[in-house]
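We just call them A, B, C and D in the order they show up, numbering each chain from 1.
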Amino acid sequence: MQFASDNSGPALPGVMQAMAEVNIGHMPSYGTDAPMNEVRDRLRDVFEAPQASVYLVATGTAANALALATLSEPWQTVFCTPLAHIHTDECNAPEFFTGGAKLSLVGEADKMTPEDLARAIALWPAGDVHNPQHGPLALTQATERGRIYTCAEIAALCGIARGHGLPCYMDGARFANAVAALGCTPAEMTWKVGIDAVSMGGTKNGCLGVEAVIFFNPENAWEFELRRKRSAHLVSKHRYLSAQMLGYLREHLWLRTAQEANARAALLEAGLRDVPGAEMVFGRDVNMIFARLPRATHQRLKAAGAVYGLYEGPLESGAADEPLMARFVCDWSVTEQQIARFLEIARG
Amino acid sequence: MQFASDNSGPALPGVMQAMAEVNIGHMPSYGTDAPMNEVRDRLRDVFEAPQASVYLVATGTAANALALATLSEPWQTVFCTPLAHIHTDECNAPEFFTGGAKLSLVGEADKMTPEDLARAIALWPAGDVHNPQHGPLALTQATERGRIYTCAEIAALCGIARGHGLPCYMDGARFANAVAALGCTPAEMTWKVGIDAVSMGGTKNGCLGVEAVIFFNPENAWEFELRRKRSAHLVSKHRYLSAQMLGYLREHLWLRTAQEANARAALLEAGLRDVPGAEMVFGRDVNMIFARLPRATHQRLKAAGAVYGLYEGPLESGAADEPLMARFVCDWSVTEQQIARFLEIARG
Amino acid sequence: MQFASDNSGPALPGVMQAMAEVNIGHMPSYGTDAPMNEVRDRLRDVFEAPQASVYLVATGTAANALALATLSEPWQTVFCTPLAHIHTDECNAPEFFTGGAKLSLVGEADKMTPEDLARAIALWPAGDVHNPQHGPLALTQATERGRIYTCAEIAALCGIARGHGLPCYMDGARFANAVAALGCTPAEMTWKVGIDAVSMGGTKNGCLGVEAVIFFNPENAWEFELRRKRSAHLVSKHRYLSAQMLGYLREHLWLRTAQEANARAALLEAGLRDVPGAEMVFGRDVNMIFARLPRATHQRLKAAGAVYGLYEGPLESGAADEPLMARFVCDWSVTEQQIARFLEIARG
Amino acid sequence: MQFASDNSGPALPGVMQAMAEVNIGHMPSYGTDAPMNEVRDRLRDVFEAPQASVYLVATGTAANALALATLSEPWQTVFCTPLAHIHTDECNAPEFFTGGAKLSLVGEADKMTPEDLARAIALWPAGDVHNPQHGPLALTQATERGRIYTCAEIAALCGIARGHGLPCYMDGARFANAVAALGCTPAEMTWKVGIDAVSMGGTKNGCLGVEAVIFFNPENAWEFELRRKRSAHLVSKHRYLSAQMLGYLREHLWLRTAQEANARAALLEAGLRDVPGAEMVFGRDVNMIFARLPRATHQRLKAAGAVYGLYEGPLESGAADEPLMARFVCDWSVTEQQIARFLEIARG
């Protein structure tokens, strides 16, 4: 009963297999390996973007911080929500990689509205040397609360940013889950609605540790390469990053895996609605659920070995029926049986 | 006939096996996995340093830049040779991670002498606010030319640095090869002769991509952790770094592999001495050879598909007997047969 | 009728005179001049802090950014209000000087409350490597809205910060105006209530360009000196900074000037209350007033040559009685006659 | 008998007078003052460059570090001599402002040759992501040893740099002294021979603290402004920087002052040649002399109160006739009488 995070699960057999396949003989290093050529071709196909620049890095924070640094200047400000991973969970990596850019917080939730964004941009007068200058828009898709922007919502936000001449970045740590939930194509969710660069996460969706960064404008390519090298994120035995991504892309594994994870979460969510005292929070679009359950329910679940994030507390003492918020994430390896067992305990 | 680099070869079966073993079920992320606990214990044993702080990162440049940043301040200067990897091959990563520290070049070769170091330190008066301030000593062991410092040489250099209150770092990208060549213990080559922090490379010696960073003084631990996170080098599914290192440490695989690589290089070196017109350069202590061969010899070898670095040229045109320098590196996967075949062609 | 800013006025005769006095013969450079020795002694007296480290820089942003950088680490977050000069008007200088620290915004106004601060600190769990780490508290005294914290309010805020082990910095660009308004001593407003470092502005209060930075804990001294030099803020002909500060400190000129500026603003404020349609905003504690006046009034004033900041608009078109917010600042050189003339026009 | 440095002397009466003249009434701040408009026009005239972007900062290190940061990227390397002020005397300011660029040392003296430069550039292969990338050339004119490059020498060096697509910067802390020595125009010494940006120092040549930075290509303007603001070098009461430069430019004061300082140094040099045991070092082109004098001579001079830099020692003990190197700098305020007196004592 493991619902702590989609980065605590194992890697997909198809990904492990691809790793084993490339472990033969010598190959050129630092991204010039033949598997990377195939990854590049395949990702350009997936995104219907034959000119796109494609890179692999090992962590989502590297993808975010390197892409934002490439799209911004140190005297600018990035626009993101107060719940954005780049703001709350990267220990100032964006500030480090950009050379000291600021993050301006837009709105008050995990999703921003066009009005929120317009207001945040207007806060800093354009062309005034005293305040931070306008920099890139950064959206998280799916969000840190498990919700998604529709393609129309993304278009509206990018439209505002581009109206100010600002580039648009999408943190796609759960990119596949969002595509699966929307039923759209990667292109429809990105460059067709104004996204300039996107990370397509593999780590949370069944890889060991690999994220693709795609720039639809190849002008950014060389700068990104230099930034990646300078930040020690250009790996020598690059074939093992390539192989993960290859295995992930073959036969739509990336999409099928996300569809399954989303389906498991839907199953869990449906069951939770029947748990006495449960209340759902935020809504759920992908593989992540926020819900409040009575303290006594949490106590039963934890005692039975269920693992998940509890945001309110304390667990041990207090009214048995007091609702405490928790986060439940389903990765690809969570089974229907485990969910059934979990719900059985939850229902008491 | 692959002698380009020890980072173009495949991963050891024992390392791949360890990866497969940990790919089961859920595990805590970000370095709190059980395999990492075992790695920590084992590395403390290997270094006879029960208090040491131990971390894993995926690249040698990350290990170097993070360790140096932890040991220095932005207004200081690191002391290294002009051939140091941190100076020539990391695209300013040390300058980036340290926040702008300078690298002062010591001596004119891959190894520095105590006199070189004393002179370089004396160039910057202590306590003068105008010039760069004295920062850490950085030694590469084995060096970028395939040579090693003896333990006594390290002791002498660290003695000078410590006499000025400076910390001492060892870039051990080829740590195992150096230990194998010296026949000493890791402790004898590090903290017993004054080293404060060391990287112990796995990548070039049969892993996929993992380097251990060890601080003998645990005071540096928390700062290193924050720097690692902030530079996006704290991986979420850390078990796959842990597993590589575990497989590498089990049954002295790290040392045995290095011994074999060194032995292969010795075999190659011995053979090269018999090649007409060959002259050895720099000497050889580990698994890397620099040698000059006649142009015609290089032409024969390259035509036969041999892969290695050629530093002088051009290959195609010029006197047949003109000597051109090349670098030959033996990784664990190079076989005696391949070496024999290579030498046969070289001899003409 | 010049009310745009206290940095658009001329320098005090007493300051100009002191500049002329030191312009004789040769003097040691880079802060080792005899006038600086006197400045150091006098400022230690002013602050009743014989051990304090004292530095001069030429701009308020330099004072803020250097002090905060000295008190923080790149992976930390500074706590300040959303209106803080360091956040809104320094083009990311704090982020630059700190090496990429974050600014966490506390409360929603120019003054923060202890509850605001406690909430902001609690947002980032202590000791979690993923989020920004807790860094210094930064208060502006007087605030960017012309208000002041009482000594008790400062004590409460510093108490919370210190309870978390955080250092406390005071941006004193209008330090003298605040002391004048409170009628307290510099010590009472700083180290006696928990401030670790403070800037004491001279520029806005009649100097040409000089700010003192005082660290009550001399441990920070050498790091500040290195940071000042490295950021190009250690001037060679330092005597001209020293002289400004000397002239400013002699015969309590700093305090008397601030008292006069505050008094002028009080006069202006009293008059504005009688202007038809005027409404005061924020309150006024020092030499800065925010007020809304009808558009027609602004049109009359601007036509007559009055200079001040207008925050709402447009001036030219719209209802004559629509109130538009403006900022009026009185520097030492504003006369009672000018204020009278201004009010006469304003009253229509 | 003050020969320590041209930054330890007083300011010119003409400069002090200009300061007093602008100290009247209110003026717009942050570089929008009317005197700055005049400075801009005058400097464009002086440089015969009507499109040039012109800025003022208070220190030479700010001028250098800001200009180099504007002309480079963090992953590049600046090319300068090992004696360059930016390398030896700015406590890593260039590394800080550039965001971590490296300084590659060219040649072994205060002046580089075209061969030196070509060799240094060739050391880093172009377009290789692993090594530092080629960045700007930085020349010091006059050099840190008091010598100058001829216009033809500058042309040759810039020609090499530009052949690699690299921008060319001139550190003109003693710009006026060099122009005076060469008898050329500012344009002939800069953009006509390939310089893209130059600092024209005022501080060492009779100002209080002001340096002009001129970009001949106005494309760099806005970035420089943002960098200046972000580094806290945009002063609010900018009129006092403007006034210094105005006084300095009026009636060719900048050039006449440098001519006089150079002439004084020539007088001193001529006299030193007659001092028993004296030997001149490096040659002298401007207002700075390096010479070796017997220890006994130094002892006499120091006893008589002469102030200058002594580079070898110790002064107190050792053979009376051992030659010790010293630096003598003449600023505008050194009189012929002082020089005569100094030489009299030196001759014994």
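Assume a contact is a pair of C-beta atoms (placed from the backbone, for glycine too) under 8 Å apart; a residue touches a chain by one contact, two chains touch by 3 or more.
On a predicted model such as this, the values are computed, not experimentally measured, just so you know.
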| item | value |
| --- | --- |
| Partner chains shared by chain B and chain D (touch criterion as defined above) | A, C |
| Identity of the chain that, by mean CA position, is farthest from chain B | C |
| Distance between the centres, which are taken as Cα means, of chain C and chain A, whole angstrom | 42 |
| Distance from chain D to chain C - Cα centre to Cα centre, in angstrom | 34 |
| Gap in Å, rounded to a whole number, between the CA centres of chain D and chain A | 51 |
| Residue list for chain D, restricted to those that touch at least two other chains | 74-75, 90-92, 96, 99-100, 129-130, 133, 226, 229-230, 234 |
| Residues on chain B engaged by chain C in the complex (per definition of touch) | 30, 73-75, 99-100, 129-130, 133, 225-227, 229-230, 234 |
| Footprint of chain B on chain A - complex, ascending | 2, 4-5, 7-11, 16, 19-20, 23-29, 57-62, 65-66, 90-93, 96-97, 203-204, 208-209, 226, 229-237, 240, 307, 333 |
| Residues of chain B that touch chain D when the two form their complex | 74-77, 88-92, 95-96, 98-103, 105, 129-133 |
